[in-house]
Each structure stands twice: as structure tokens, then as C-alpha cells.
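For reference, the structure discussed in these notes is given below.
We just call them A, B and C in the order they show up, numbering each chain from 1.
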Amino acid sequence: MVLLPEIAQTVAAVRAQKPLIHHLTNYVTANDSANITLAFGASPVMASAPDEATAMVAMAAALVLNLGTLSPDAVDTMVAAGRRAGELGIPVVLDPVGAGGTPPRTAAAHRILREVPLAVVRGNAAEIAALAGRRAAIRGVDAAGAEADGEAIAAGLAQELGCVVAVTGPADIVAAAGRICRIANGHPWLAGVTGTGCMATSLIGCCCGSGAAPYVGAVAGLTVMGVAGELAHRALRPGEGIGTFRVRLFDAVFAMTPELVLRHGQIG
Amino acid sequence: MVLLPEIAQTVAAVRAQKPLIHHLTNYVTANDSANITLAFGASPVMASAPDEATAMVAMAAALVLNLGTLSPDAVDTMVAAGRRAGELGIPVVLDPVGAGGTPPRTAAAHRILREVPLAVVRGNAAEIAALAGRRAAIRGVDAAGAEADGEAIAAGLAQELGCVVAVTGPADIVAAAGRICRIANGHPWLAGVTGTGCMATSLIGCCCGSGAAPYVGAVAGLTVMGVAGELAHRALRPGEGIGTFRVRLFDAVFAMTPELVLRHGQIG
Amino acid sequence: MVLLPEIAQTVAAVRAQKPLIHHLTNYVTANDSANITLAFGASPVMASAPDEATAMVAMAAALVLNLGTLSPDAVDTMVAAGRRAGELGIPVVLDPVGAGGTPPRTAAAHRILREVPLAVVRGNAAEIAALAGRRAAIRGVDAAGAEADGEAIAAGLAQELGCVVAVTGPADIVAAAGRICRIANGHPWLAGVTGTGCMATSLIGCCCGSGAAPYVGAVAGLTVMGVAGELAHRALRPGEGIGTFRVRLFDAVFAMTPELVLRHGQIG
């Protein structure tokens, strides 16, 4: 069981260390990933050119690989950068966006799972199910249905891969070999903003890049995102909708403190 | 003549069906297109890699092709995906961003017009004039002047192409063979935010992907965008400017209802 | 010494002329660059395909080259477009994002410095130091430390390159052969939003594209950004954070007037 104090400590560590988080990510949500990383107190960099992605790894505290709008070249670059991170002991967090949606996307995710030593994989229920070899309901890049057996799938995949598996949805699940927990934070509107999954992955990267063990880092990143979603919705004034909610989400991550995590985090 | 009740019904259908809208689009406004699609109640996906763009088409309810930052490869991908959509009976909506601005861009638009069966083409006056073979005043990717004969050009191009042609500007025009209408909604500040044209095209994609006939879908998408622009501006507080207007635009599309369309839509 | 009235006049010229500003830029902050350009009253275009980047130059009033997420192809395109701009007498503004961070990035910046006639180079202290051949503290693409000798480095580089050198940071510096000034405007939160450097470069492009001499254009662009940062922060309500600040920044540039520049600008 992860205790809230460890999560709070991780938030403090991100703010204190301002780790550099290297992203190889997609052009749809790259700006959001950069801004949420900054809002959380870390420093983002997105250097996706094949000839410099690997060079940048050596300067980073964590590497985030996000398959959002991947091209064949991009997968090669991700594998090279990920292997370099492994050699250097830098944690790698994978967001297998849309795995299960199309064959090349699923293949790319599986290739990274095989060839890159991962600290954490974070996906929605359909993506994680696809990685676990289950047929899952996915529409585009979004999970189409609740997964009743989400915990079992996450635990099994964590065992198989030897890394932490985080599944986001109405409740979030984080599984590692022999450990599992549920995070009950969040707000339904998070699913109404593009890139909140990518942003959650970036926050996990920030936590892992600040010295948290992968399991703690994954729980911490998702708790921060979930609490921020709740606070962002609570901050809305009458008549404000999803556009303003998205802005308040950055406000809430920016305002996140160890104390807020202790007060609002619901990890069980 | 399209009646407002058909438009209101289309808004209800989008909300009920949450269609998956596949976008092959540009890196400047992709995030906006994704978020406006979500705000309207549909589900966006942007899978632009050549090896999966076509595979994703089969899962989508509509395909949006946007030439914003096109590369030669991207045009090939768009043509392949568009032809596949045609085979499957999935409506394709084209946004010929900047057509007329540079020769390769105009050529790309013409190639798609020739090779892809289109449901709707949506552009500004200069882009549509360029597609119709007229010399038009375009600066970069924005129309530089009002087109006095916008209705005639739209009607002629619709006839020539055998699809619906939508022209956005101070007033919007939608033309099909034998039908034409004007939408008087909108707000001048919409031209002060990048990507509002792209977003309007995405909304048309959402409508066409929910079973609306192309003509109704085009009118519905532009009416929603126009009414949202009006409501977004009305929601501003003293001192708020174009940045807040952009946020409120997502709020307004998110809050759109059949009733709001019936109350505010001005189609003639 | 640049006098504030020249800066105010430049703001008025941008608003009056609405210059077309061509950007070859990165996918992380392209949307922000486009929206800040529009907010300032100019017109952005991002046509990065190799076969049209150069064609678009002829229509533009200024060209912005931004190395944010550069690929080898992109550098070739930038050089070709930049040389064409030089032939046509169109001012080119370079943002050497992350120069000094990785060898290919530094090499790309140096290649552009050699092969493209530049009006202005705008970077942070670490980037400018790297261009000047100094070892600098850079983390990813952000300067890691204050440069005590920023003025000397900027002045030396301006002399060496024969163009204007602008260094942004806690205080901004603009240097040309025989001229130097400091702009004391700005707000620390500007460093907490991704792309504010890119946006500042776009504003310089807007000013240079409206007829301002490069030195005046650089000072004007940075003064507008700095004053906007101050006004954006002042406009925040209790509880609002970095996400809202980012929105207010566009509001503030949108609301910028010659009078506001005269009242708030601190150039010395």
C-alpha cells in the first residue's frame, strides 16, 4: 500500500528538484504536456529529431514516450532513446496511446515493451487490455467501455512486464508485482479534454524523475491529476464549461501542494 | 431551405451518438480540433501515420482532411484515407487551408477534389474562389477581402464538384446542387483566433458523422460555431479579451443544445 | 537608446498594417505563436513543407525561424526560406531554441547564422552564450542560470554577427553594433508557461514586419511581451494560477496600445 505521505513527499521533491522531463510525444497534445510539466514545477523538453533525441536523454531525469501520433521513424527514435535511458538508469514512462486501435499502433507499443526497459506504462483500460493481449473495446484512442476486470489485467501485465502498470478511468489502478492500489480521485470532465491522459503520464514522469520509485511515482502522478481535476471543477463559476475547466486544471496543478494531496488524496 | 429543427436534431444526434471523427490535420490547430470535437460531444482521433491513417478510417463515422501544414507525404495519406472512406460510405469533409496561397497547396487541394469523394468542402472566400479557379485575395492562409459574389462562386463550385460547398466569413454560405443558404451567426472575434476555421470544419465532420446529410451537416456545424461565437463573446467580463474569448468558445460549444440553436440560429 | 515613442509607434504600425508573419516553427508552441501574432494584430502563417516554405516567403512581411523541434529536413527548409527572404529584403528573426543543448541543435543554429542574413536573434541567456561560443548552463531548452555578463556576450555576438541580438530573462537585453539597452518589464510567471520565448520572437517578427528597424523591432516586441506579462498577472483573481495567466497573456497583448507601452514600458 502506498501511503499518502509518500505521495506528498514526492510532490515536494518535484517542486524542489525541478527535474528535466524529456518527451517524445505527439503533435496534438505536446503543448499540454509541456505546460502541465511546468505547472507541476518540473521542466519539459521535446527533442524528437532522430539525431538528438538520444543525446537529450543524458540530460534528463526521466523520459516519457507517447505514441499519440507516431510514425515509423518515431518508433525507432523512441526505442533508441529508451534504450539509452535504460543504460543510464533514467526511468522511462510509456503512454501507449491507442494501442489496440490499429495494428501498427499495437505493434509499436509491443516493440517498445520488448526493447525498452520501462518504469511505468500508463494507459486507459482498452490500451492496457490490448497490451495484455485481450480484445478490448477501443474507439479511436479512447476506451469505449468499463473493464470489470481492470485490476486483474493490470496486475497480470505488471507481472508479465516486470514494470508498474497504471490504468486510468473512472477509478485509477496502479499495479506492480505484488502490489496494487486504486485511486478514487478525478472528475468525469477530465475525459472531455483531449490530452488529460498524456498529461497524467507527464506527471508520472515528473514524479519518477524526482527520485520516486516507479510505483510511488505512478500513484503520485495520478493522484495529483485526479485531485487537480476535482479542484479545477470546484473552481468553476456558473456558466463556465469545459474550456474553462481545462484552464483551471493547469491552475490546480500549479497550486498543488503536499498538504492538498494529504487532504484530498483517496488511495485505497 | 434547411429548417432550424433539422439543425437542432443534428445537435441532438451528435450528443447521442458520440461519433468518432478521424482527422488528418495540421500541427498548429490539431489540439483545438480535438477539443472542439470533444466539447460538441463527439470523439476525435488523429492517426496521421501513412500505415495507420487508412486503417483508422474503418472505425470512424467521418473523416476530416485539413491541409493546414501539409507535406507531400501527407497528401498521399489523405488521398488513400479519403478513398477508403469513400469505399466504406464514410463522409469526408475537406478544409483546403490556404488553397490559392501557394502552388503546391492549391495543387494538393485540387488533387483531393479529383481523387476523393467529398461530402463537404469548407473554406474561406479566398480558398473557395481558388478551388473554383478564380484569382482571389489571400494572405497566407486567410482571405484578404470580402467576396461580393461568394454565393455565385459557392453554388458554381458545388455544381461542378457535386458536393456541398461551405464558405465562412462575415456571413457563412452553404451551397449544394440546387440549394443555398446563408447563416448570419458568428462574431468578428472568431477571425482573431487561429483555427476557428479548422474547428468549424471539425464540427461539420461531427454532424456528418451523426447521420446528417452533407448539406444539413454543413449548415449545422457552421450554425453551432456561429452561435457559440456569439455566446462566447457575450460571456466575457470587462477587461477580458481574445484569449478568454477562445476559452469561452469551447465552453459555448460544450453548452450547446438543440434549444440554443433554435433560439439563436439565423439561417436564411 | 530607443525611446518609448518609437516603440509605441511600432505597436501602432503593427495594428495598422496587419503584416503577414511567416513561421517555420515547432509543433509544441506553433498554436501559441499563431494566436499571439493574431492578438497583436498581425497575421500568422505556418507553411513548413519544403516545397512551399520558400514560396510563402514572397508574400510575407517577416520570417520567423524557430528551432524548437527541428529535424534535419527542417533546417534545410529554413535555410532556403531564409535566403529567399534575404534576397527579397524581408527581415528574418531567429529563435535558436535549445542551442547549446545538443550538438545537432547547436550546429543547426550556427548553420543558419552563417547562411541566412538575420535581422534579429532572440534567445535566452544560455542559447545566446552557446551561439557566442561560451559554455553555458542549459537544461533541455531552458537557461539554467543567470548570466552575469549577459550584456557583454550580447554586444559581442551582435558585433560578430552584424545583427541585433536579444536576450530574454529576468531583464531583457537588446544589443546591436554600438547600441544596447535593457528592458525591465516582465513577470516571473512568464517562465512558467511554455512558448513565451517563442511568442516573444513572434512579436519581434510582427514589429520587424511592420517597418521597424531590427533594433527597434526587437525592443518593441520584448517590451510588448513584458508589459503584457505584467498586465496579465495583475488581471488575475484570487485562486487563479498559471493556466489563467496564460489566457490573460493573450488578452493583454490583444489589449496592447501605444498608450499602454508609453505608460508601462521600462527601457533603459
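One rule holds in what follows: a contact is a pair of C-beta atoms (placed from the backbone, for glycine too) under 8 Å apart; a residue touches a chain by one contact, two chains touch by 3 or more.
All figures in this text were calculated on a predicted structure; none of them were measured in a lab.
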In contact with chain B and chain C alike are the chains A
Same or different, please, for the chain A to chain B contact, judged on whether over half of the interface numbers appear on both copies. different
For chain A and chain B, let me know how many angstrom lie between their CA-based centres, rounded off. 32
Among the residues of chain A, which ones contact at least 2 other chains? 27, 31, 246-247
Can you name the residues of chain C that touch chain A in the complex? 26-29, 31-32, 68-72, 98, 101-105, 139-142, 192-195, 239-244, 246-247
Give the list of chain C residues in touch with chain B in this complex. 20, 22, 27, 30-31, 34-35, 38-39, 43-52, 55-56, 59-60, 235, 246-252, 254-255
